[in-house]
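Dropping the structure in here first, questions after.
Per-chain numbering from 1; labels A, B, C, D, E, F, G and H assigned in written order.
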Amino acid sequence: MELVFKNTTGLVSVPRHYCPGCTHGVIHRMVAEVIEELGVRESAVGISPVGCSVIAYNYFNCDMQQAAHGRAPALATGIKRVRPDLTVFTYQGDGDLASIGTAETVQAANRGEKVTVIFVNNAIYGMTGGQMAPTTMPGQVTTTSPAGRDVNHCGYPIRVVELLATLRTPAYLVRVSAHDEVHLVQAKQAIRKAFRYQLEGRCFSFVEVLSICPTNWGLSPAEASQWLANTMIPYYPLGEIKTPDDGPVTEAHHAQ
Amino acid sequence: MELVFKNTTGLVSVPRHYCPGCTHGVIHRMVAEVIEELGVRESAVGISPVGCSVIAYNYFNCDMQQAAHGRAPALATGIKRVRPDLTVFTYQGDGDLASIGTAETVQAANRGEKVTVIFVNNAIYGMTGGQMAPTTMPGQVTTTSPAGRDVNHCGYPIRVVELLATLRTPAYLVRVSAHDEVHLVQAKQAIRKAFRYQLEGRCFSFVEVLSICPTNWGLSPAEASQWLANTMIPYYPLGEIKTPDDGPVTEAHHAQ
Amino acid sequence: MLSEVTFAGFGGQGVMLAGKILAHAGLDEGHEVVWLPSYGPEMRGGTAYCNVVISDKPIGSPIFAAPAAVVVMNRPSLDKFGSRVKPGGLLIINSSLIDATSDRTDIHVVRVPCNEIAQGFGSAKAANMAALGAYCGATKVVTVDSVKALVKETFGAKPKVLDLNYKTLERGWQAGEEGLAAAKKKIK
Amino acid sequence: MLSEVTFAGFGGQGVMLAGKILAHAGLDEGHEVVWLPSYGPEMRGGTAYCNVVISDKPIGSPIFAAPAAVVVMNRPSLDKFGSRVKPGGLLIINSSLIDATSDRTDIHVVRVPCNEIAQGFGSAKAANMAALGAYCGATKVVTVDSVKALVKETFGAKPKVLDLNYKTLERGWQAGEEGLAAAKKKIK
Amino acid sequence: MPRVLIDSVLCKGCERCVGACPQRILGLSKELNAKGYYPALVLHQPRCIGCCLCAITCPDSAVQVGLNGNQYKLFEY
Amino acid sequence: MPRVLIDSVLCKGCERCVGACPQRILGLSKELNAKGYYPALVLHQPRCIGCCLCAITCPDSAVQVGLNGNQYKLFEY
Amino acid sequence: MGEKKLLKGCEAIGEAAIQAGAKAFFGYPITPQSEVPEYLSKRLPEVGGVFLQAESEVAASNMLYGAAGAGVRIFTTTSSPGYSLMQEAVSYMAGSELPCVIVNIVRGGPGLGGILPGQGDYKQATRGGGHGDYRTPVLAPSTVQEAADLMIDAFDIADKYRNPVLVLGDGLIGQMMEPVEFKQRSTQVVEKPWATTGAKGRPPNIVNSLYLDAPTLERHNIKLKAKYDAIEKDERRWEEYGNTGKLDILLVAYGTVARVCKTAVDEMTKQGIRVGLFRPISLYPFPDAELRSAARQAKAILDIELSTGQMIDDVKAAVEGRVPVHYYGRVGGIVCTPEEVAFHAGRVIKGEQVYTIGEYAGLVTALTA
Amino acid sequence: MGEKKLLKGCEAIGEAAIQAGAKAFFGYPITPQSEVPEYLSKRLPEVGGVFLQAESEVAASNMLYGAAGAGVRIFTTTSSPGYSLMQEAVSYMAGSELPCVIVNIVRGGPGLGGILPGQGDYKQATRGGGHGDYRTPVLAPSTVQEAADLMIDAFDIADKYRNPVLVLGDGLIGQMMEPVEFKQRSTQVVEKPWATTGAKGRPPNIVNSLYLDAPTLERHNIKLKAKYDAIEKDERRWEEYGNTGKLDILLVAYGTVARVCKTAVDEMTKQGIRVGLFRPISLYPFPDAELRSAARQAKAILDIELSTGQMIDDVKAAVEGRVPVHYYGRVGGIVCTPEEVAFHAGRVIKGEQVYTIGEYAGLVTALTA
């Protein structure tokens, strides 16, 4: 019997510590599959964040570095600039990337670092026990917004992909979702494309993956997927927001 | 004889240390005039950055704090949240605000802090002797881009106003220029409007002012103004990019 | 020292709450108390536990190499803590979920079918009350009234749940009392 | 110690370059040298200065409370440094821009019209060479050939500018030599 | 014939696969596994169409899909 | 009649006012001020229209504009 | 008020700050102190205060700067890596003479380390991890009640000296529940005429740490130094426990470890050993004279820390070589037990070499293998 | 090579790093070290290296982490406030055992302070300003030539111990021009089998400082401690200058101040005073045994710093109370002169109380007025 879906060698085969139903695991698998499919496992360096996926270094079957909270894009920059032959990716949560790591995210994108960022947006700080993230939905109850996120108190959720899309530096910016099987099929394509752009030396590539956190949302995995579909997707539209082919990159404004 | 244009009491009458022709001085004056005109000098707290305007605390005739490099919006947040009755503004350069302070800028805007940010974009690090800023123009020679800014090496200049405009939280975001008299008249209106929005408790307000740095650009003040008009304005379009009245703020996506 | 106990189980089995109620009861009865949880990511999926100390003197360390008593709600907890009980100490095992037992002869082992007791009154969710009851019944460190008052504070809003917890607590108490008596005979 | 001098003036008057050339010349002639600039924002608008030490032994401190010699190119520099010159030391004043002089009688004061000299050869921009020349002419700490070689390295690409600097240097040298001789008579 | 292999040691009983299966042929076991979860089970293997959606959706790499013979490729993953 | 007052101590001779004046009536002095700059001068006061653009454009608050009598407000500043 | 409540250390810290008059909290979640922001996100709005989650510790500490500069009592809590990110702001606040309170619930390090209790940030806390000549008083509670009490004192000290004050705990202090009583304490209301509250009827106030003129900066530094001298004179705190007089051994420990040592002292005393505990409560200023006098009649000192040995330098400096100072510690999140302390103290008394951490845990073999 | 060039300290530091094999520079401008990035932005591309201006010191230090983890020789330069922002990353690099070199061209502090020379970051540098039990070797040059030489050594030490190494200068070292010779030095090429260079033909490498399991983290801490013990044993550096044997006074100073002291020693010797200078070159590890032996025949020690007194604790600990240790310093950017040093040394010799900074500058009156 041939295995038509078999576990990727891009992951180490150990049980993972994620909660039942948590889509971190699915996203790990897709990234690992792409790395394997593109044949770059032996040149890949991944960077794990601080967040539930902090020990992703135990799961990905490639060289890994563990970054300080929010700084993964800086590490990626450091690695890629001195070893452009390596395939460098970061794997980051929304607290990590969209809060403490805002500057590193925006600036790495703006410099056009030839790295791939996998951004797992679960609208919450998972690891530390469910505090509000910049991506938390209006009205969403968290341990630090016990009455629900009040947009008059701390603003609206940040749409990182749209934010980065205003930068003129070419980039591949896409948002996908991991909440169900159909969206996973699309997500996989986006991740593949993101790594391809890196391998071609074209641009910075960034995949935002909407993800569920049943534990801190206080929902079953199925309910959590529903909530993501009903609440998050309307606010976080899916699709390619920017590709490096967008618009002519004219050199009109060169100075002096 | 009546003075139809007289020096504002919003500024302390001491000579300022800026280089001849440097528009920091003009921008100081306009902000101070607005504070005086709106009658809020006695409730105002300004925050000076690290940059050529670091000692703005000696010039503004109101209470002042001096912030660590890039952190002025965090200070402003701290002050305004505990003393909402005060009129709080920051005065920041492009290195300060758009490089090291990226996170503080984006997050203060996103939280909708009711403060006013005056952002002086002179496309360079003035104080430290003319190093490249994130806003430096493509091809522009600086002491750390001796061959001119190479967009393939470090990307395109960041347009902060456009970046912030993607945030859903209501805001007043405008770009003006200080390079000549006509633009100064427009700039003044924008600054006044920005403070008004704060006083009305409406929103975060942000005025980007294009500014010249004759010293580090290696140009006379007149040449510098020309360069700004010819090179910077096409890349940094002037005008109100966002007002709090833009678009209906629907509460459609409230969760749970 | 009146009492020094570790409650251990899966996250979700309510061991933290059981410990907190015990500590509260100790405080209400005028003693010094400390409740110390395990915390952080290790709680996720793994075992959660808390230590409770009740004493008549200021409490030094709430960390014990060898606790006087341990209540284990699941198998991994038995594996982790069973061997640490102080000689002469007490080990309460939730026999509903743990087939294994301890082969130690220097301690008192009491097996209580916590889930079954609670299930019998309506829901296995109250199994932690059986465990708490068993520990208190065996040690008498606090009175049943103190504990009941706190159970009421916790579940008072929902009469059905309160009733379930009361009954489970009482049955657990009895099981603890009887179990220890039996164990004492064994050990002599 | 062969030489210990401060060059001071407005930013833009070329005092830094004058000092660097002197230090280079010292190095080329086989001595230990240090060149130390003032730096940072104080340079903007204010006075800029640099210290040069040339010695035959390893150089300790390049910071002097009382320098053996000072060359001042503008009024604020005279105010700041004039009083610090070591008794018996040398003060060279750019008389083109400084009407005032020092009333100290314990030092040698030499007035050199640096801007005028340079202007005479084509541009006041070379005034710093007159000052450098004056200092070297007075002290003979390095040879004129060493200095000229370095001036050539600096301006060699533009023959006209080189010529201007050469000539200004030489005239300054002479003014320094003669000025010190005159001052020595005065002081005795 | 497709064949779905579920690793009941890795499975955490989250039921994502159960929801993902277009044939509705997956369910949970009534027996706890060693980690304390009720792992997923194939209830009716013959109706399986080998679409792999169960495997794709599993966060814990607990599902693999085997095949004897040929299979229509239903979508690009 | 408008009257332009330039503080030659504060002035740094940047010539921004010179460029801003629609009447082209400003220029620089030939005398250095104490700080070493050639300060701005009004060359032909009578032609001044009191628009204040010189003052508006001055970075060093060295320009004030006075008025005897009435004046058309040319723009909103 | 006056009533004993069972509270987690983190909750007690948050509540105490409110009792001390703190008007707002700016902070960022990090284990094991996230219960502070969680508690305050509910509690502060109830009392008309402001809870705001900052985007990072860098931002949080600079929000503190702004709010402290505006004259209100303000504080934040964090844990080790977060405190490292605050070093620039702490140096700025010290330089600008701004009062505030920062709680560091220390965890294992360096780097991401672990989340269990540690004392590896002692040097950072007591020497100033930021740049420049400054110091911050450091208070180290060893019970939840004391954490609450010291929080209130910390605000008073901060205001008195216009300086940041650090409260140093660890996961045990933060996570443990103990009975706490908030005594009605009159916290000093300090006038802050220097604060940026709007220049109404007075010249503008400036909050600043920049002095480009060297003599001016030197005067500023001298003024700061005089302040630290005053703090070193007036703000020492310590506790002595167990036996005094002639001692076979004097234990020195702070915070969590001191609790463990108290149990050890009780046990050892029962066994007839003459043992006492000296517990520094203020780590800066370190109660050196007091330790010196406590140590006068001791045959030996055993310094016990959850670090590879940081406070020991202060202990040695305090006793000036008059008493031999031994060290024992555990690290990585392991808290030593009373039995362990007694065992190692026993070795010292018997004149045996104290085991190193590695030896004791049988680790050295594993490492060299 | 072999030729003497007149270089600014900042340029020499940049060039030396290239000579040592550094492949890239990530950094952020700050006075008085901006000449390093400026120099390298031209120079690195010439030699096939990478110059990248980071968005902040936080980012720069984390770029260092990434590049060091990828196995290349890497460094950055900064000044005081910038170094404070690097504390988290330095702690991470120490925890993950990554070699790199960081240059801190110290300025006046605390806060924004000033830009003139200072030594107020001594404690931060030698004690570790970040969290957790770690140390970084610190080398303090006092000439431009030495700055260049120590840069190269710093890379070797970093690689040897897999640890960040700090080079501590100040504005004077950074801005001064002196002749520099780059001797053809065979810098050790160290294999880095642990680096993340792609898992080709070997199992994946992991660069990490997180150890959630306490015993594992404890083992890791013990391993780090063993490394620091080895560093303390093998990496001490110091210089003795002037007289040896019986001394009226021994000066102790490092970096810029040590230059000043050398001139003072020369002058005083001329006056017949028996005076010597002990100059620590490695500040961590502090050459304590060496200082102790140098001090053996001295009547007194005068510790001279551009701080209110930080190294003095190490000096005191080193001499163990056998010789009286006096302190004199200037702060705020003022560098004391040779005359000033001689004057204060003279007071010590005469048995007079050394003036405090404030007294000397006649400042105390102004302050108390």
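We adopt the following convention: a residue touches a chain if its C-beta (ideal position, glycine included) is under 8 Å from a C-beta of that chain, and two chains touch if they have at least 3 such contacts.
Since this is a predicted model, take the numbers as computed values, not measurements.
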Least step count from chain E to chain G, where 1 means the two chains touch: 2
Chain D to chain H, fewest steps along touching chains: 1
A-H compared against C-G, more contacting pairs: A-H
Chain D and chain F: spacing of chain centres that average the CA atoms, whole Å: 39
Between chain H and chain B, distance of the C-alpha-averaged centres to the nearest whole Å: 38
Chain G-chain H separation of Cα centroids, rounded to whole Å: 28
Length of the line joining the C-alpha centres of chain A and chain D, rounded to whole Å: 62
Per-residue multi-chain contacts in chain C, two or more chains: 40-41, 45
Residues of chain E touching at least two other chains: 35
Multi-partner residues of chain H (at least 2 other chains): 31, 52, 55-56, 58, 81, 88, 92, 96, 111-112, 115-116, 208-210, 212
Chain B - residues contacting chain G, complex: 12, 41-45, 47, 54-55, 57-58, 60-68, 71, 74-79, 81-83, 86, 103-104, 107, 111
Complex interface listing, chain H residues touching chain B: 28-31, 34, 37-38, 41-42, 45, 51-53, 55-58, 81, 111-112
Chain H - residues contacting chain D, complex: 4, 6, 31-32, 115-116, 143, 171-172, 175-179, 259-264, 266, 335, 337-340
Interfacial residue positions of chain A with respect to chain E in the complex: 1-7, 11, 13, 15-16, 18-26, 29, 180-181, 184-185, 188-189, 214, 220-222, 225
Contact footprint of chain H on chain G as seen in their complex: 58, 80-81, 83-85, 87-88, 91-96, 106, 108-116, 118, 120-121, 123-124, 127-134, 208-226, 307-308, 310, 313, 316-317, 320-321, 330-334, 356-358, 361, 363-364, 366-367
